[in-house]
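Quick one: the structure is below, and I'll ask about it shortly.
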Amino acid sequence: MKKHLLTITSNTEIARNIFEMKLTGPGTATMTVPGQFLHVSVGNNTSKLLRRPLSICDVDLEREEVTLLYRAQGEGTKQLSQKHTGETVDVLGPLGNGFSTESSEDRKKALLIGGGIGVPPLYYLGKKLKDKGIQVTFILGFQSLEASFYIEQFQEIGETIVTTVDGSLGLKGFVTDAMDQPISDEPLIYSVGPAVMLKAVEQKAQGLNGFISLEERMGCGVGACFACVCPTETRQSGYVKICSDGPVFKMGEVVL
Amino acid sequence: MSRLRVSLPGLDMKNPILPASGCFGFGKEYAKWYDLSLLGGITIKAATLEGRFGNPTPRVAETESGMLNAIGLQNPGVKGIIENELPWLEPYNIPILANIAGSTEEEYIEVTKHISASPLVSAVELNISCPNVKEGGIQFGTHYKSAADLTRKVKGVSEKPVYVKLSPNVSNITEMAEAVEDAGADGLSMINTLVGMKLDWRTGQPILANKTGGLSGPAIKPVAIRMIYEVSQKVSLPIIGMGGVSTAEDVLEMMSAGASAVAVGTANFVNPFICPEIIEKLPELLDEIGVEQISEMTGRSFNQWKTPLSSR
Amino acid sequence: MSRLRVSLPGLDMKNPILPASGCFGFGKEYAKWYDLSLLGGITIKAATLEGRFGNPTPRVAETESGMLNAIGLQNPGVKGIIENELPWLEPYNIPILANIAGSTEEEYIEVTKHISASPLVSAVELNISCPNVKEGGIQFGTHYKSAADLTRKVKGVSEKPVYVKLSPNVSNITEMAEAVEDAGADGLSMINTLVGMKLDWRTGQPILANKTGGLSGPAIKPVAIRMIYEVSQKVSLPIIGMGGVSTAEDVLEMMSAGASAVAVGTANFVNPFICPEIIEKLPELLDEIGVEQISEMTGRSFNQWKTPLSSR
Amino acid sequence: MKKHLLTITSNTEIARNIFEMKLTGPGTATMTVPGQFLHVSVGNNTSKLLRRPLSICDVDLEREEVTLLYRAQGEGTKQLSQKHTGETVDVLGPLGNGFSTESSEDRKKALLIGGGIGVPPLYYLGKKLKDKGIQVTFILGFQSLEASFYIEQFQEIGETIVTTVDGSLGLKGFVTDAMDQPISDEPLIYSVGPAVMLKAVEQKAQGLNGFISLEERMGCGVGACFACVCPTETRQSGYVKICSDGPVFKMGEVVL
């Protein structure tokens, strides 16, 4: 675990309020596990003290470049979105436990389900799974056409089913509506999104194995402050810390 | 390095910096970032008699130059701490300040008995100022008779010096400090968090599941400095100062106000290396103002003519 | 514009925004920046019986997301204000809230008599919470018996509704609010500043000549929100909320906590146009959350099921 | 009185910790009185709320450019010093009452005395006085050679005597030591610097007329908050506000 000062190589709005930030620096060499996150400082002189957890969306080890996708919604991410190429960003990471792509080796298929700003880590995960010869299908849920992003990039990796709440792109409805089609070959499920979505996905996917990635407001991001706990019945302590035990958990492991 | 040494009851520290309770877990996590033996000491997360899960999430919210927390004293219970957490800190060989909490006097007393008996614990910090639990905590910390009573009882069973951690949510912090001094406290820790709240303007609803929380961070430093300044002139107990400290300059400001050692809380979340970075910077700053021993800084705001600086 | 209208005892305001006492002088200076008739009202600087020079300088210091002030109630005295300052505000035709202070009960009473008799004054704000004067001020505001006594006496002579301005430097703000409610107050103003201090780490000396000062600005907003939230559920008086408000979002947050109108202090120094900018933004925000009348926002954090929003 | 969003055209360190910032924008057209100041915001997202009063050092009306010289000492000015060309700075101003160059028309000579970071406004003042045909002499006091700045620029306007505390440049000593030479022709005195210096200058200059410019910590900068008062025996109120009645006063007018 390290603190890195990375340099912005690009920071552009790719959909309404959705930004793609590319950062370069030697620290990126350690960012090899999808589902891990960076704890990103908004800046040195700002009144926003807490770091923002953002998932690793892609890593180019040769170019020493990591990609983050984020929604500029609150003050902190808005300030991030105003940063220019050449400025530095202070990040901790990679933090947390990401998606295990090992355990999936005996599977042929994977179904990756993401909602809204939960979509980014699925990109890096999809690439990694594909590299292992696994056939990847994405189900990506957005509010609307306007709010959707990265669809072409996902299509390069595997079949990509899109749902939008208002029906302006793909299927009208939620990601779980796209799961109504019979799911064949018992794929492994990987899902990232708001808790309500994860809950619905777990229900739909009953009987299947898989992983989910949780979100919670964080203090330290490293397991020290107990801000980000989630109850579980499967561990003796009765809880997990999302930042350090997660953010990725086996389906059914935590109480959503 | 000996110019940074400070000595408080039970706490012989090679520098005045220790992480504040609740902001450093039991040390394990930050040990992945740096060598904990660099620290002057460690304050561990509050211990209660039984394990506690704490409050529902969200437990933190961000405010301008500060944050709110309502963790609610989550911890594995005093036995779990003694068995599983403390041994792990032994190799670092630094003083451990054990923060203790409870819902009743009896619970405080039991926890103190257990934890103060551990050879690894150097002193206990009586947390009568946690704003995030329904029972105990701050209710002892805002009425000075109950604060004094509890101090006396805890002191009666403690095998180690007792620091009482004061709440800033009071009309008269000096009366509170005097009351616990009279009751036998060996030192004071101040300040705990201010009770605060944040609402989502769109829904009108609190961000924290617990509704209110404790405000910490640079936003509260002026309140901490003022309270330490007032109290240190009225009591003769050493003070572990805290509240918004984020830089080496802040440490010297707080010592000037009257603190003998300084705890760093929220700043650990901003920068996990903050404690060793501050420790490294302190000698530079002392050189800049021509002070030899950091202990001379204590109370400099009011007693500089009484205890002349080494530079004069 | 009528969707922004709020109505409080003596204060019929076309929008809920008024500058806070001491942060806007007597209005003249900001009249050079914009048309004061845009405001919901004006709180003028504290009036005392005789003119006062206040404290020595420096009187302000900067803190993280806040500032300290120790002006010390400088003002030309109640007669000077009535003769030279108030007439000047008449053409703007907005409610004037007159902040009154004193060292003794008698002084408060005299000032109230004079100023509440002015036809230009709509209501008086009893400042029992100024932390920057040796006598009077906060000493009335931290003991609820004296607060209640003073309120009763002032109320007895006032020709206008009386708002009591509460100090946040107390253990129990609700008891204080209930005490002044029982004593006949027509409304509450809250919060005044938190007592704070800043030292120069190099010299160890306070930045403010008065040593301590009042902490204001965004740093204290969480404390203000919490206190307004607590008090508004326990008393039935309308509350003028203040403490760190700097944006239109902050205004809605504070009203959700329980405020019926909102005063803006420190933010005027950051941006002299802040009050009209906030007023202009409010309707946009109300549209965003589908609320028709801003007055429906009051207490939304706790009473949203009692008073359904127009949007439901 | 206006709020302006000016654009940085340059921001460079011209001596140790001394920065020259040039700002452009239509608002500069009103900045025509030396001794007035701008109330400069450190930035939108910073935790430093209060504006910094900085004197107008020069104005180029054709290029719509104003120059500020400032010492990066505290957090706010340090943050200002990190701003880049092209970024905007939010300023209020011009504020306060500057130096009257009218009343000096019947004089032939002017002696301009500045200490440390009080030097900047004397540059614009010197230029204005010279334009009126007045012979200008400067006495500029610095800590050391290293801390000195703008000396060549001042020399272009008039005779420039430099003092340094450590003697590394010009006369060793304070500005008042340079006043020991007999002052001829009863020049008007204009002086800017720390209060102790102004006091010493007033004493040395006894019998002469002139103006001084004061400094004080400010809240509003516009006369509303009573942060910046200074006692006076010459006005009925008993005080002046430095931000709005000053910062320039007649010598002897206020109690230093």
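Here are a few things to note about the model shown:
Which chain is which? They are A, B, C and D, in the order written, and residues in each are numbered from 1.
Just so it is clear, contacts are C-beta pairs under 8 Å (C-beta built on N, C-alpha and C of every residue); 3 or more make two chains touch, one makes a residue touch a chain.
Values in this document were obtained by computation on a predicted structure and should not be read as measured data.
Within the contact network of the assembly, the step distance from chain B to chain D comes to 1.
For the pair chain A and chain B, the distance between C-alpha centroids works out to 36 Å. In terms of their C-alpha centroids, the spacing between chain B and chain C amounts to 34 Å. Separating the centre of chain A from that of chain D, both taken as means of CA atoms, is a distance of 54 Å. Residues of chain C in contact with two or more other chains: 64-66, 217-218. Of all residues in chain A, those touching 2 or more other chains are 47-48, listed in ascending order.
If the chains shown are joined wherever they touch, the resulting network links each chain directly to all the rest. Residues 1, 3, 41, 47-51, 76, 92, 216-231, 237-239, 244 of chain A are the ones that touch chain B when the two sit in their complex. Here chain B touches chain A in the complex through residues 22-25, 28-30, 32-33, 45, 51, 53-54, 57-62, 64-67, 69, 71, 74, 76, 207, 217-218, 266, 268-273, going by the rule given at the top.
Listing the residues of chain D that touch chain A in their complex gives 43, 45-48, 75, 79.
Only residues 64-65, 218 of chain B touch chain D when the two sit together in their complex.
Those residues of chain B whose C-beta lies close enough to touch chain C in the complex are 63-66, 68, 142-143, 169-172, 194-206, 211-212, 215, 217-223, 225-226, 229, 244, 249-250, 252-253, 256-257, 285, 288-289, 297, 300-301, 304.
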